[in-house]
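Shared between the two complexes below is subunit A, which has subunit B as its partner in the first and subunit C in the second.
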Partner chain A sequence: MSDRLKITLLLLPAMLIIVLLFFGGLAIGLMRSFNYMPVIGLTEPDLSAYFLVFTDREFYLSFLLTFHIAFTSTVISSILAIGAALLLRRNFVGRSIVNFLFQLNLTVPHLVGAIGMLYLFSQSGSFARLAAEWNLIAKPSQFPALVFDPYAIGIILQYIWKEIPFIGVIVLANMQSIGEDYESVARSLGASRWQTFRHVLLPLIFPGVLSASVMVFAFTFGAYEIPALLGANYPAALPVLAYRKYTDVDLAARPEAMAMAIIIAILSAVMIYIYIRYSRRRIRG
Partner chain B sequence: MTHVSIKELTKVYPGASEPSLDRLSLEIPTGELTALLGPSGCGKTTTMKMIAGLLDPTSGDVTFDGRSILKDKPENRGVVMVFQNYLLFPYMSVADNIGFGLKMRKMDPAEIKRRVGEMLELVKLPDLGKRKPSALSGGQQQRVALARALIVQPNVLLLDEPLSNLDAHLRFEMRDLIRSLQQEMGITTIFVTHDQEEAVVLADRVALILDGCMKQYDNAEAFYKRPVDEATARFFGGQNFMSGTTRGTVFEASFGQLQLVEGLNQGSGVLTFRPENVLLNGDPSAPNTLEANIADKIYLGTQTRLKLRIGQENVDIITNPSDVEGLSPGDLIRVTLPPQTLWMLTS
Partner chain C sequence: MSTRKSLITSNLRVLTGLVLITWLILPLIPLAIWSFARGWFFPDLLPKTWSLNAWNYALSDTAGVLDSLWLTIGISLAATVLSILVGVPAGRALGMYKFKGKEIVELMILAPTIVPGIAVVLGIHSVFIFVGLNNTVPGVILVHLVPTLPYMVLVMSGIFANYDASFEAQARSLGASALKTFWYVTLPAIMPGIIVGGLFAFLVSWSQYILTLLIGGGRVVTLPLLLFNFATSGRNDITGAIGMIYILPGIIILLLTARHLSGRSGAVGGFGQI
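Let's look at the complex of A and B:
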């Protein structure tokens, strides 16, 4: 059997799943977003769903909110993850314990984390009650709105909490495989600690940080459950908005939901492209 | 122009029972090229890292022109280290690699460009500035690493096994380049190596470190002619050691007397001589001419090694293959041990 054939055969099962489920789903979604849904008698494709989406003010607010959530979560968790990796790669007493605790919440599902956030940070949650108990505020409802709030602080906190170890583990493995010799060279050539980090370590770990943070960005931009649980009602994140349209009693709203899903996919692809281009120039140039 | 002085430098790694480096003391005069020679794990690289400030010593001191530098940060010591595997920054062009140290000093970009151009000329890579390190051969990478170090005009240059990753024909080219640049710029240079040949061809002086202790610090020739002890002699390829007693200029060996030159260690001790210094079939009346029995003959291409028996002693000699053509184990030959090539170990 030729190598080519072998590779094709080995790839086939995975490719079938990806092509059938992903592109198949995408194709059906695309057709419906063009108002093509023979089951309910829609057989003339048009762009009216997209028109509805782009003329809806809520869509733009939702987009801004979703971008804010994804961008802020990605940037903050990347920075904190790099900091954590810098500490964790050092040798200190109890490192393995700290390392274990650091990675512990990788195993906790997002939903469980979100419910934890609700219990702790909502205006009827533990922190609000404690603050009232200690007379920091008069009653629990005066606790700052960190959940269901317009700035999506609760959502971002939840994402940061969950994504720091994810990015951190990748970056730490990256740093350990690079070793410290490049930094030694830089120091001996006259670079300060900060310069060594900025001009040597950061560019070296950059590909790892980039791929991890792109995954986080794509996930947080398209994820539904956390904004649905912790987000404000209006404006809602794009995936929440799309789902609402999809589950609308009016079947005619479905093309609009599909159009929104397609737009979410295209937007994340474009934003990831811009992010990669821009950050590569900044870090390595 | 920096005189480097290492005083009782000791390093014990956390958790280790034995020191990796045990009270090393060394004076390296301004502008000299010194080799730290020793097998892997003997503490050479540890020593370099302590000089460069990448590792803190357990005790001892390093001074430059009399001033201790141990409290200085690595970037302020004026010491640059070139690593064995070059460690060029992979995402930067060759020119950016060379200019790195100047950029960190916030020098004007136009001036950096000019100096990088000069450096590229100096290391004979004038057209490769735009390439990425991955597009260079090992020898070229080595030169870029050297240029990147020299451009910051260090007071002290540290080289980690500078020739060991190079092919044989590149080694001499690189040796000449390192020596000429070092002489031209007068930089006090220390390099470490496990290869005695590399130490001998490159260094003004060699410090031999075995088991974390310095055995001998001398010019290269001395290690062949006047080794301090058997381990040192063996490290440099010494094979012949005979126990006996020296009185005046006479050595009493198991098979008879040998004539020595004056001034050697007296009393009972070990006599040594280099396998390449034994003469074959010379003048029968010359001093120290003896009968020897060939025990084995090993052809090594450009030379032949003979294992001889003189009385009860084993003697190894290295000779020209054409000089021993036709001889085979069991034959008797006449060998001469010239008195000026005989040496009593001092410890």
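Let's look at the complex of A and C:
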């Protein structure tokens, strides 16, 4: 058997699944977003669904909210994860506990974390009860709204909880394979701690941080269940809005949902591209 | 002076470590307490009465939680086995051969790890209507392959990149059949990859929500769907118990494989999907 044939046969099943399900799903979504579906008699493609989406005020609010959630969560988690990794590579009491908890959190699904945040930060949650215990508030409604709130604080807190270990584990492995020799050299040549970190360690771990945070950004931008559980009703995150349109009793809203799905796919691809380009340039400069 | 300074930094380190530990376990605490509480009202810091009601309910035959647990295990196992069957050959092709268009193939296989599920599943849903896969377990298993397969291929191509195929040729020249060669030579060598990739595939499938919700159409109720329903209906005690059951497989898998998991493996990216 020639190599060519062998490679084709080895790849065929996986490519069939990816092409049919993933790219097929995208392609059908694209067709339906143009109101084009010959099977059900729609043979005249048009842009009406996109027109409806782009003239809807809720869409813009929803986009801004989703971007805010993804961007804020990614930046805060990345910074804290680097800090945690710096802490974890030194020996200290409790290091093995943190290490274990890092791995534990990686296996706990986002949804469980989201419910935990709900019970911690809602107006009758654990922190509200602590505030009542210390006589800071008298009734639940006096506690600041941290879930179902317009700033998506609960959602962001959940992502930070879940993504610090994710980015942290990757960065820590990176640091351990780099070793400390480069930093020792920089220090012995008179660099300060901060200079050593900024000009020696950070550029070395940056590729790892970047790839991990790209994954976090993509996930937080497209996730459904966390904003569905912890988010405000209006505006809702984009994936929640798309799902609502799709399951609307009015089937005419479906092309609009498809248009949003396509916009989500394009936006996440574009933003990841910009993010990678921009960050690479910054670190080189 | 310098010893005092290092004492301060080491104390600071311990303090930061403590804050980190607290933050990492914090969200799981109210969940665990709720599962043993009977009516835990504001402003009580701890429940006034404890009870096993939620656990009795969750573990009873009639409540449907156990049915949902078995269903979820079945779906995730099936998605894992299919990912292995399809992902191992693909990983071999990508890990061992250089060919024209390889980068495009890799990009296509990795695309589902970046493009959100909601963007794909609406289109899949409207096709599955025509082929009768909506609201069925096989339909849900198939759609779970979209997020699980890329990690399986990723892990396996890493394994095959460091794999020496000449052992296979030696076995064949000594008279072993293709099947025997695979069973006694190839399989043992790639087993660690199959285990790690399989566990990732299992956990990624285990945590799927929106794909199951849409393709299952409310008929295929896996644990995360049940958990979400109880969480939004305000039954915090039962939510707590189901939540504890739901995180158990991940913890078991972690205890079994902690030494295999390192941030250096590309597969760790799979954790980003859980």
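Everything that follows uses one rule, which is that the second predicted complex is superposed on the first by the 266 of 285 C-alpha atoms of A that agree within 3 Å, B and C clash if a C-alpha of one lies under 4 Å from a C-alpha of the other, contacts with A are read in each partner's own complex, and residues count from 1 in each chain.
Everything below uses one rule, namely that a contact is a pair of C-beta atoms (placed from the backbone, for glycine too) under 8 Å apart; a residue touches a chain by one contact, two chains touch by 3 or more.
The shown structure was predicted, so the numbers you read here are calculated from the model rather than taken from an experiment.
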(request) Could you tell me whether subunit B and subunit C fit or clash when both sit on subunit A in the superposition? (result) fit
(request) Considering only touches as defined above, state whether A:Gly41 meets subunit B (first), subunit C (second), both or neither. (result) neither
(message) Just checking: does A:Leu11 make contact with subunit B only, subunit C only, both, or neither of them? Give me first, second, both or neither.
(response) second
(message) Taking the superposition on A as described, I'd like to know which of subunit B and subunit C A:Gln195 touches: first, second, both or neither.
(response) first
(request) Considering only touches as defined above, state whether A:Pro203 meets subunit B (first), subunit C (second), both or neither. (result) first
(request) Using the touch definition from the top, say if A:Ala186 reaches subunit B (first), subunit C (second), both or neither. (result) first
(message) I want to verify one number. Taking the Cα centroids, what angle sits at subunit A between subunit B and subunit C, in steps of 10 degrees?
(response) 80
(message) For the three-chain arrangement built by superposition, which of subunit B and subunit C touches the greater number of subunit A residues?
(response) C
(message) What does the superposition give for the shortest Cα distance from subunit B to subunit C, in Å?
(response) 8
(message) From the superposed pair, tell me which subunit A residues show up as contacts to subunit B and also as contacts to subunit C.
(response) none
(message) Help me check something: in the complex, which residues belonging to subunit A touch subunit C?
(response) 3-4, 6-7, 9-11, 13-15, 17-19, 21-30, 32, 37, 39, 83-84, 87, 90, 92-95, 97-98, 100-113, 115-120, 124-126, 128-130, 132-133, 140, 158, 161, 164-166, 169-174, 177, 208, 211-212, 214-216, 218-219, 221-225, 228-229, 239, 242-243, 246, 254, 257-258, 261-262, 264-265, 268-269, 272
(request) Please give the residue numbers of subunit A that touch subunit B in the complex, ascending. (result) 181-182, 184-192, 195, 199-200, 203-204, 284
(request) Would you tell me which residues of subunit C are touching subunit A in their complex? (result) 10, 13-14, 16-18, 20-21, 23-31, 34, 42-45, 85-87, 89-90, 92-94, 97, 99, 105, 108-109, 111-127, 130, 142-143, 145-146, 149-150, 153, 203, 206-207, 209-210, 213-214, 224, 227-228, 231-232, 236, 239, 243, 246-247, 250-251, 253-254, 258, 261-264, 268-269, 271-274
(request) Please give the residue numbers of subunit B that touch subunit A in the complex, ascending. (result) 49, 52-54, 73-75, 79-81, 83, 85, 87, 89-91, 100-101, 103-105, 148-149, 152, 158
